[in-house]
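In what follows, chain A forms one complex with chain B and a second complex with chain C.
Now for the complex of A and B:
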């Protein structure tokens, strides 16, 4: 008889996630159930509001992947209204997006994921001189002297001896699944602290163009930040030089700290190749070199891969009513024509209906409905989205930069391409992608400067700012590749107000419960078959779930509305 | 203002005048009637649970007898984690200094190493060992509809967990727009019945730190104020620290001269945007929003929303989501002078922060009336 264990809360993620797992013989996970345990109903709140405000409201879905919903939302409204944004605005948005990807991936690796692989307490036993030797052998990063590591270790000893371990309290220190030598653990702890300090520098680029971070400002029609090289009241060369310096420092940090650490740590875990999961991958694409409508100009391509088959890339059209659908057979909602019937977001409907146990409870009723997350499917297939999906798609398409970086990583680790289809592969893909987006940052900086040189200072197109110039009714689709994967917003505007707004979020794809056909979601699939050293200490579950970088505040806001019910709503 | 100058309980027991007013572990144990023998046993167990060599035990005992950092339980309810993200952006002090030297961030779902019941054990242990002496930091708020099923943690409703954890806290800090005034999930029609922390926890000293998110240095400033002065900062009538929320963004805005001269941006694509004229006519709520944006600015003083050409939409004000549309509703400034603060304006100023909650309620009621019964169908 399988034993059921519960991990709730799952820490080091955004939002509230619960995993229930059935553990079979030899402590192998037989089955897993992923439950999103929060819901805010933001799409209901959007109803009847000004579409120009939607970016700000949807941005508040998530403050970790801040900016991504704002970007998808302005694109969505502009798509509906037929607004073409100025070139500077496109470049600035791309730069802000690349900034977000880079910062988010760095924070994920060190602060949300590293403790699944790094034993902090073991670092106390490290020889600082040996740690220095290892650090200097893998990177030219200057903070690597024996004295540096000795000082850090002493600080760590003082912290531990205080008896107050703070965020490290009750961690799984000494767990047999930790494989790093003390010296590598010490290096990783040093870089945990350095990355904590450095991440706040990267986002200053958002502050330059969007006024703040988290939650920088966007604008339907472009960006609100003005550019004028000959005024001190707009972005000029002083501000641009700050942006350039931050980009250079960021690239150095990723190249000299993140990537060498990733490869060094992965080298000790390359036989832990569990957590592959579905083998189905979906990307909407992003980083338009021309218009967002021109899928051919996307630096990150669009497409789908099924059954780990990299030789066939399937076309994806999120506007096609038969491709992206959602059902609610195992979610706490109800549909009028059957909970198992998949609906495209433009045709969606929802009523929340909690049928789970009354809290407090021991277990969810996983035979029936067990999550606030709906069940998105692409052509009825459960899909994984995120860095691994994007890297595999680019690899399959032969993108030279990604192909070179993937081959470099595989070569250094002495593993074949099949290693990519795993928890570790997902974690490596995020680092590979981060290296790429750090490069994108400078690419867009150069583009911006080149465009300003031509005398083009425009950042906003306001021809259609006034709702009196809008069509009576319009539908739009906006998308981005968020750090966690493909994100889509679908809007229906009527009479200058939001009639209907739907969002299908990356973590909803990945964390979805099983569908009416019994097909499990990406987390559930990836957890199956993983052996646990001790089911009471769920380190292996954390590892695989964290490799997806869960964002539950995003995932559980998916909420479609019945458009018919809003027609009478008018807002003051 | 009964909150003003409240001494944190755990800091008040020691009699010296030094900055280190916290009692030690040993003193806490003694005051709770734990014998020296049991104290030493506790130190031994701590040492073992950390996997330390027996030779480390005297050091543990020494540390426990000297100077513990103030324990903090940081809860997450309905929220987006932008407050945590902002907190770690702080440039002075930096995050590492705070968690290594000032507080002991013992429970925080975003950063804690432990998971599941091991993490919940930590929360319960802090509540027991530091009864009446820990800081409860709240990010997000609790949904109150339907037994709180719209936010559940560890198999219980967040509503229950918040109340349980607040019961023995010394002080409650409400971070950000969600915890202070409700934020986006509390906007009309508030499908989950989300309410500010101050409506649920009424018997504890409470600090409201509004903003979506609050400025990093404002957040860490509240913690550092405790750590340095041993007291809560002075609060206004809405329980906001006066040090950070004492003036309106408008009062210190570098574009104020253009406002006074009547020179306004009227289109995001006009020459006035590049000349940095006033954004009031584009919907800027700087004139009615109490926050430090125009003084402290964001991300180590790089810029702030108005500085980057976007109107303030009042994210530190109560009910700001229902005070839109953001770009077309103009702030009501007819009655405001430059030297007014929230307390002076008091309840007479509709639209000002002090009366914002009432204004919010009025707008919400209006919207609800307009929306009629249709919304109720979604809430079932």
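Now for the complex of A and C:
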């Protein structure tokens, strides 16, 4: 009988994603089930509230990608009410969005995902001089002397020898699926620490334009920040030059550290091309150069790709009631007219109905309902969203920057474009995209300074602020490309209040359970067919799931004095 | 004068998970005569964003719900080397905890010269606001430990 592996955060302590995988012959994953184990419920909280407050409430869905829901929310309210935002507001929103993408991708790669590829303990065996040689051969980044790596290695050794902490005790260190030589592991550990130090600088841009971070301030009609080159209390020349310095440093770090590391690491894993999955990709697009309604002006295009066919790009219209739908055949909700019937978010319902096993339990009933995530589909197709979807779409459309960077990476790795359809491809796409968004940051900084120079200091349009000037009833759609993928907010306003609000988040697309037709979601599909070196230590599952950058609701963070691992793995 | 950061950690929406935040609120209310070198910080579940608050201070006092080795109903106080640092295997970036921040600060060579953790084991971790009666009874002791420590270092 097939073995079943469960990867689950310890109930009630951490996180809210659970994977159950069936392991067949030769330890290959036969099937996988992805379950969201917590309900969000924000849609119900929003009912009856002021639409102008929705951004502040939805923004708090997530403290990691902290701006994306605010952005999608103000856009959907502005769409419903027909509000045009000033040019400065558009530019500042784009700059903040590019900042969020860049910071998020950098943190994801070094902080969350690197340990799926990098064996920290192996770094102890590295020759610091050889590590320095490798580092200097792949990048002009200055922190690369033999002494620098030797110091770090000695610190690592000191930690292990001090005995007081098991800093490295919880990894899958020494796992056969790790392929990097000790020197590359040492370089990666060095950059893991540098990136942690560095990422906190990037988000200072959010504090300049949004007043605080996390959860910077937005405003229906524009942005809640004043620009005045001559005042200390507004965005002025001094703050702008600080922003510019941060952008320049960020770009350098991505160019000289992230991208060379990515290519160096990928070079040792280019035979491990599992985890492609669905082959269906969906993007709403983002970074409008003109109005948000003008899909032609988006620097990140809108469109869909089916069955890995890059020669055909399908048009996407999230307002079309037949395109984006959600059903709940395998989700713990119920619909008035049948759980199998997909509903467009403007017609959406949020009625929770838990029918799963009573905790604590060993396995979910995966034949029936098994997740708190609904089942979003585009024209009935399960879709992957996120960096790989966006990079593939831009590549298929011939975007020059993306095409050049993808071809550079493929050339250096000596692999064909088919290698993109994999876990490694997803990880590489995130890095390529990060390089692009760091460029966007400078692009929007320049746009902002140029526009201020014309004398235009306006950041908000408040003509329609007062609800007495609103239509009695209106519907709106707001979108963004969050770091994790296409994000949509759909609102129905009635009598000045929120009648209905539906949010379809990127991780609902990617982590969705199977639908009524038996089509599996993106995680589930990506895990199928992956061979495991050791099912007791399912590094390969974590690697592929992490490559999507799962977004889970903020949970609790109890400090465990015993240093127990917080993600539980059980096998039955 | 040494820079002292008092940080309360936890999610106030998960019952006793919010102990740290609640304790720091109380402590701040009761400590009205401290110099500006002492900052009180609601750290919530900010994880990575808190690294700077740990690395930029000379002395750090943290309140958090903890899982102690023996799980007695009492206030636990740990200092410096007694605090373990771990880098965990994670499912998401939300899972950046105190242990990880400490280990990173130590690897950076920027760990504070003194660090003290005041913790209580949680009784209830259900979704909902408010702290259980049992943990409420320990709050005064926890705040007392905090005051005692601050008193001993504030003039360093």
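Observations on the structure shown:
The working rule: the second predicted complex is superposed on the first by the 540 of 572 C-alpha atoms of A that agree within 3 Å, B and C clash if a C-alpha of one lies under 4 Å from a C-alpha of the other, contacts with A are read in each partner's own complex, and residues count from 1 in each chain.
Please note the rule applied: contacts are C-beta pairs under 8 Å (C-beta built on N, C-alpha and C of every residue); 3 or more make two chains touch, one makes a residue touch a chain.
All of these numbers come straight from a predicted model, not from anything done at the bench.
Of the two partner chains, chain B and chain C are each touched by A:193. In the superposed model, A:115 makes contact with both chain B and chain C.
In the superposition on chain A, A:487 makes contact with neither chain B nor chain C. When both complexes are overlaid on chain A, the residue A:550 reaches chain C alone and has no touch with chain B.
By the touch criterion stated above, A:172 is placed in contact with chain B and with chain C alike. Applying the stated contact rule after C-alpha superposition, one finds that A:63 touches each of chain B and chain C. In the superposition on chain A, no contact is made by A:81 with either chain B or chain C.
In the superposed pair of complexes, A:265 makes contact with neither chain B nor chain C. Of the two partner chains placed by the overlay, only chain B lies in contact with A:360; chain C stays clear of it. Comparing the two complexes, residues 7, 9, 12-15, 63-64, 111-112, 115, 120, 155, 159, 164-172, 193, 196-197, 199-200, 213-214, 542, 553, 561, 565-566 of chain A contact chain B in one case and chain C in the other. Of all the residues in chain B, the ones that touch chain A in their complex are 25, 43, 46, 50-52, 56, 59-60, 62-64, 68-69, 71, 76, 78-86, 88-91, 94-96, 99-100, 103-122, 143, 146-158, 160, 183-185, 187-192, 194, 212-213, 216, 267-269, 273-276, 293, 298-300, 302-310, 313, 315, 321, 324-328, 363, 366-367, 370-372, 374-375, 377-380. By the touch rule above, chain A contacts chain B in their complex via residues 6-16, 18, 37-42, 44-45, 48-50, 52-53, 56-57, 60-64, 66, 111-112, 115, 120-121, 124, 155, 159-174, 193, 196-197, 199-200, 203-204, 206-215, 217, 219, 221-228, 231, 233-234, 242, 332, 350-354, 356, 358-362, 372, 457-462, 465, 537-538, 541-542, 553, 561, 565-566, 568-572. Note for the complex: chain A touches chain C at residues 7, 9, 12-15, 17, 63-64, 107-108, 111-112, 115, 120, 155-156, 159, 164-172, 193, 196-197, 199-200, 213-214, 542, 545-546, 549-567. By the touch criterion stated above, chain C contacts chain A in their complex at residues 9-11, 14, 17, 44-49, 51-52, 64-69, 76, 78, 81, 84-99, 103-104, 106-109, 117, 119, 122, 125-126.
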